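Which chain is which? They are A, B, C, D, E, F, G and H, in the order written, and residues in each are numbered from 1.
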Amino acid sequence: MSSPKKVFTKGNEAIAMAAINAGCRYYFGYPITPQNEIPEYMAEHLPATGGEFLQAESEIASINMLIGAAATGVRVMTSSSGPGISLMQEGFSYFAGNELPAVVVNISRQGPGLGGINATQGDYFQSVKGGGHGDYKLIVLAPHTGQELYDLTIKAFELAEKYRILTLILGDAILGQIKEPIVPWIPEKTAGDPDRDWLITGAKGREPRLIKSLFLADGEMEKHCWHLQEKYERIERDDVMLEEVDTADADLIVVAFGSVARIVKSAISQAREAGLKVGLVRPITLFPFPRKRLFELGGRTKHFLVAEMNTGQMVEDVKLSLPGDCQVEFYGRPGGSVPTPEDLYSIVSENCEKLQA
Amino acid sequence: MSSPKKVFTKGNEAIAMAAINAGCRYYFGYPITPQNEIPEYMAEHLPATGGEFLQAESEIASINMLIGAAATGVRVMTSSSGPGISLMQEGFSYFAGNELPAVVVNISRQGPGLGGINATQGDYFQSVKGGGHGDYKLIVLAPHTGQELYDLTIKAFELAEKYRILTLILGDAILGQIKEPIVPWIPEKTAGDPDRDWLITGAKGREPRLIKSLFLADGEMEKHCWHLQEKYERIERDDVMLEEVDTADADLIVVAFGSVARIVKSAISQAREAGLKVGLVRPITLFPFPRKRLFELGGRTKHFLVAEMNTGQMVEDVKLSLPGDCQVEFYGRPGGSVPTPEDLYSIVSENCEKLQA
Amino acid sequence: MARVDVEIERCKGCALCVDACPEQVLKIGKEINLGGYQHVIVANPDDCTGCCRCAEMCPDVALAVWR
Amino acid sequence: MARVDVEIERCKGCALCVDACPEQVLKIGKEINLGGYQHVIVANPDDCTGCCRCAEMCPDVALAVWR
Amino acid sequence: MKQVFKRPESMTSKPFHFCPGCHHGIVHRLVAEALDHFSLREKTIGVASVGCSVFLYDYFAVDVIESPHGRAAAVAAGTKRVLNDRIVFTYQGDGDLAAIGTAEVIHAANRGDNITIIFVNNSIYGMTGGQMAPTTLLGQRSTTSPYGRDCDRDGYPIKMTEMLAELEGPSLVSRVAVNTPGNVKKARKVIRQAFQMQVEGKGFSFVEVLSTCPTNWGMTPQAANDRIAEEMIPYFPLGTLKQKDVVDVL
Amino acid sequence: MKQVFKRPESMTSKPFHFCPGCHHGIVHRLVAEALDHFSLREKTIGVASVGCSVFLYDYFAVDVIESPHGRAAAVAAGTKRVLNDRIVFTYQGDGDLAAIGTAEVIHAANRGDNITIIFVNNSIYGMTGGQMAPTTLLGQRSTTSPYGRDCDRDGYPIKMTEMLAELEGPSLVSRVAVNTPGNVKKARKVIRQAFQMQVEGKGFSFVEVLSTCPTNWGMTPQAANDRIAEEMIPYFPLGTLKQKDVVDVL
Amino acid sequence: MYNDVIMAGFGGQGIMVIGNLLAYAAIVEDKNVTFLPSYGVEMRGGTANCSVVIDERDIGSPIVGRPMSLIIMNRPSLIKFEPRMKPGGVVILNKTLISPDVSERDDIDLLALDLNAIAEASAGNVRLANMVALGAYVEKSGVVAVASVSAALKDALNPKYHKMIPANQKAIEAGAAAARG
Amino acid sequence: MYNDVIMAGFGGQGIMVIGNLLAYAAIVEDKNVTFLPSYGVEMRGGTANCSVVIDERDIGSPIVGRPMSLIIMNRPSLIKFEPRMKPGGVVILNKTLISPDVSERDDIDLLALDLNAIAEASAGNVRLANMVALGAYVEKSGVVAVASVSAALKDALNPKYHKMIPANQKAIEAGAAAARG
């Protein structure tokens, strides 16, 4: 290859490769299309690192093995897709209550039900609003290219550890299956601090420790919930990520994440060529959602278009972020039908026309 | 008893009694506090109706047995609480994709994680946004008294059948455990139409039928998703339920559901006695959410206070419903701490003071 | 007198029937069917005894046997 | 010489120790402890052989035995 | 001449989507023949599982419910409790039944639910592209055991038939293969018996069928078929481990 | 005089929250004694399950992870894979292990995960108030079998020990009781052996302990204790069904 | 008239029984009522308590934040609930298990009774201490008539305990008498 | 210059292999590229197809809505993809399995080749029909140099097939030659 540092890699493999390079040494998972290249890569490469790949008997077992491993402080991961992620919701809620760090990847596919293996973004609500019981949040990262799959996987381990939180990488069948040249790199820190005061390692020479989510004393659970809430607010303050394209002078700002954002980029450059002032906001963190920045942008631009591969989910967060006088349109394709750049260009230009009228 | 038709009944029993009176003949479930009186009542009373109570080996088995039974067209139910409901999320998604009718009761408790058995409303998002994968909705009913637990259980079976949809009754530990006098009644129709053209009964003298959620032909799944979406829109048009108290002249409207709404009622009558113009909107259907009515009310009243036993969930739907110039405050108590009427009165009067200032 | 018929468009050319037939009646031909498979052909029809072994082994129910 | 001691506030009066003791050393008394339980008392201390059967059966680890 | 071998009536005419040489097709046919034998088609409800056999409904001319992965036994239990005069069967792969669906099948068996389970053990996850199953043989390579299944890490291939035979509930627990015409005939008989148990109300019947997956074994159909006798049967011995009284049906 | 019976060091001094006469307390003590015996306290990690024993962490002076209901074996597997020089045990009730947690325990056993599982079978759901468990005896009344467990509807009480003993993975599978001083002594020995297996890296060890639930059986502690010999042991026979070589530890 | 009470004690002291009975008594008088039991950790150990709200009008909150009255059967319950009481509220205290000295409020109307002794004396059964407490509370608060409580026994008690109704009535009366002074 | 292609055929016809190879050829030329495989029902039956997008600039959408070019190996694929094509687009059609008459567009640039025969003739292996198709496509479209495709073989193929590189090169060359006419 002419450019020596580039590796032509499938999205799923980029994630797995990044995880190992980020110091992830344990992977527990159960097969499901379209993410199987992740466990397969792990099965092939983890043994050589001294780590372990273990195929669990189900997604429920996976997420619970993850609890057991995360409690020891090592970097651990699982991955799945729609139905499997649904089965993990009790575990997600426990992760939140237990305040344990780990990374979960959802290479999402069609739903509801068995659906099929094509790409959708129908799991946005499940990811950001909490599909499990109780008041909790995950950090949710939404990459849109192979390189970003790689980079954000590393970031996911860092954020998980920084906040003792489950971090979800929300991809889809397109991102998981696409092959692109990427540049791998190794972060400086590839393991958590071994001295963290909550690690479960056996009570040698110290008081016994406990990982739990049951708080019984009067008001103790409420306190715990507010503590979690405070943490979520810190995350919203410090760790929002987004990308903006051409927003400065935009009459219309499209908001889209993940693979749709990528398709939107094609549509937007077409639109700019046609003289339409269109910009893009691409939330990279879905939680924390870039509320503040959207609110700012809504001070100047009054028209927004949210494009998703679902019947309308992130659009709610966009509306909740923007000033009351902004107008928000929605374009959605659910059930595995992926909009083409042409589809998006025509909807963008339609909206621009409406604006002029 | 002096009033012969009143029965002094625990909330959970009111649900079970209503279910049987609504023609529910099959119950599958797994124990979890604080809803055990539901399966226990069913175990005691279903056999005499010719129906069957079966204790499943887990909540996952329960929801899947429900799929198998619902496909035959009989009225069926399960019930659980937080962790158990989380485990059913894959099944919920299948119910949506399969378009099967059934009733699920969530007598919710503290979360996230194992939590405890006190009441919260932390499962609002899970219920209305879809805790499972894919684009789907359940009908979500939120009773606030023993009588309403009874009445809405009957309604739940009717709605489930009307729309071929899973209908969730979202209660909490208070509502499940409280005993109150209620007046039982028997609805006219206690079974679905045996001629529905999708029932799985064996292909005797007709074409074989199929219940599925996997649609593979190009665009077929998208069509199915839009079909579901259209159904959800019909539900939003035709079956919204809410209660209003003193909203006509209100300077401040409190929005609350379930047991909190009940506590708010005490606070509001105190407030009215103190001369404060406070009203209440109590969504009875959480999906469909009373968006339209809130929007109307927001034309006149500009200040809203949302009170929930969580860190802020329904408040998002309230904001999404109201005109952009309304102000929405939030008061929340998560983790099983129940606000007292006094708490709510003081927060209401504080808000009223701010209004005057 | 016995006969085996191949439903060509069902055949995927797996040859399990070829192995199962004690009389070498069947073999994989050169032709490709619409599914893209080189399907089985009845090479020695006269040797068929109608024992059904081929059909029992055919995963695609592509064979019918008369006797 | 043997002795059995009851940690009164741990005892829940289940009487499993009473049944287990071959020497009838223990019995449930009349007193109620802070937990609201009628706890066990050492009725016949001199008969104790220190065999530990009572303690083996005590679900609340309320007994200690010396020998 | 009379037609002595033809497609059973409980089957549709749609060609299978299975890979060339995959035993799923044989097992489908045997189940359909059993339904024909007892004239059950019009009163049968099939429960499809998630795996290569998910399209059951395209091939059987019976009512079908598609189950979530692993939960077919629970779905079938729900259906059968309501319609206890209908015949309810599930058809499940080894990933579906022996991994994610372990609890559901064990408890359906333990309850003695009057249903029939056809368990197709091809020692691999077919549909998802060849990952290790709980039944994958020691040393067998798969996409998630690229260095071969290692008993220290992954444990031994699980014998569901042996485990279920330990329970009181089942009326029939048996393992068969379809790798030779003779074994197909034996399998036909056992599958018939399984449905007969249900017809007679005798409770849970379970037939494990050793099966090939040429695609994910990376073998030709013929080599895959040979592997059944060479590697599968020695570890998973054929035979009926548990059987309540039954009139012979063949 | 020397103190011949005292609280083990691996236990804290906190009084149990268990009901009067509940065997959970005895089993807790025996586990703590086994940890003391091999001086394991400082390298042990307990996995608490959901049930009356959820407060494990209050009573054992070891690191503890609270598991979701039924998943203790999976949690423990996750921990042990990382810290394979530590001792990891779970403590689970019959609702937890034999109902919702069936798949997790079977697969941990089948993989031969080097952990120890203490399975307290009191034939009922204790914490949630007396519902039927998979182990509830035929005819036994519970809040969800108010007319007695009926084998036609609910199946037979499940014998986890017998089922697990069928698998290759486990090093020790045994059933004990703590209803008499003699049985307590035997139970102590088996529980010790179970931990010894783990110490020696021999793989999965499993001890089922028949146990009382006076509260939900609606019996006095004494009557409940008697029921173990009268009704439980006859159906759930005591004894070690599977054991790899081990040096006797008593 | 609105009235509320929290009753609390050990599990096994019959707290739920008297809460339930009071609710039935309210129904006898055609009043609205809510009865809300609340346990500690599910069933084991811990204390049990319940709240009863009685009113002629519709009942809003079944949750009692600042109780008007208490029936307190053990020490932890006094410590937990006394601080929340409304000034002037009525407390029936089980002197058998708690010394009135433990009380820290002087703005409440505390009646400490040796409930076990009264139960033993009146009905020959210490287990009816709960009924004594209820009788005393009803008499002192006037929330319902003592007769209504007696009348409600057959609705509130499981039929298998109906033969104990007379003993219960005696205990209730004795409690009422003790409250009258 | 932006260029995209969809390749489609039966599973087993080596569609993914040539998609992947084309992508590697683009990398050889230091271009940006995305390769997106898409299967029918997971792996069984059905048809396989993939989209390759090549550009000097960053690639936006990897999804090809209206393809500029097609390589079509079986009949269902032609029926599925032809209608979506941009006018003037290039189609390489496998005449061995599909008659060009099935095509319904007259505004495209269709090259029907007997791929199997060419593969057999040039490389002695019908299985290399896919390489013939790719060679023809690359030659006709000019998206990358034929030499780059040949050069990319060692990156794109599993080392265990490296001994077949010469045969593959022959097939590619033969395809290119056929396209040149």
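Odds and ends about this structure:
In the analysis below, contacts are C-beta pairs under 8 Å (C-beta built on N, C-alpha and C of every residue); 3 or more make two chains touch, one makes a residue touch a chain.
Quick caveat, the model's predicted, so the values are computed rather than measured.
Counted as hops between touching chains, the shortest connection from chain A to chain C is 2.
Think of each touching pair as a link: the shortest run of links from chain A to chain H has 1 of them.
When C-beta pairs in contact are tallied for every pair of chains, the largest tally goes to A-B.
Of all chains, the one whose CA centroid is most distant from that of chain F is H. For chain B, the chain with the farthest CA centroid is C.
The distance from the centre of chain C to the centre of chain G, with each centre set as the mean of the Cα atoms, comes to 86 Å. Chain C and chain E have Cα centroids lying 25 Å from one another.
Note on chain placement: the centre of chain C and the centre of chain H lie 35 Å apart, centres being C-alpha means.
Multi-chain contact residues of chain A (touching two or more other chains): 33, 52, 54, 57-58, 60, 83, 90, 94, 98, 113-114, 116, 118, 212-214, 216.
Touching two or more other chains at once are residues 41-42 of chain H.
Across the assembly, chain E contributes 18-19, 54, 66, 68, 99-100, 102-103, 107, 127-129, 134, 153-154 as residues in contact with two or more other chains. Residues 50, 54, 66, 68-70, 95, 99-100, 102, 125, 127-129, 131-132, 134, 143-147, 153-154 of chain F are the ones that touch chain B when the two sit in their complex.
Residues 60, 81-83, 85-87, 89-90, 92-94, 96-98, 108, 110-116, 118, 120, 122-123, 125-126, 129-136, 212-216, 219, 221-226, 228-229, 310-311, 313, 316, 319-320, 323-325, 333-337 of chain B are the ones touching chain A in the complex.
Chain F contributes residues 41-45, 47-48, 54, 57, 60-68, 71, 74-83, 86-87, 103-104, 107 to its touches with chain A in the complex. Every residue of chain D that touches chain G in the complex is listed here, in rising order: 32, 34-36.
The part of chain H that touches chain C in the complex is made up of residues 10, 12-13, 74-75, 97.
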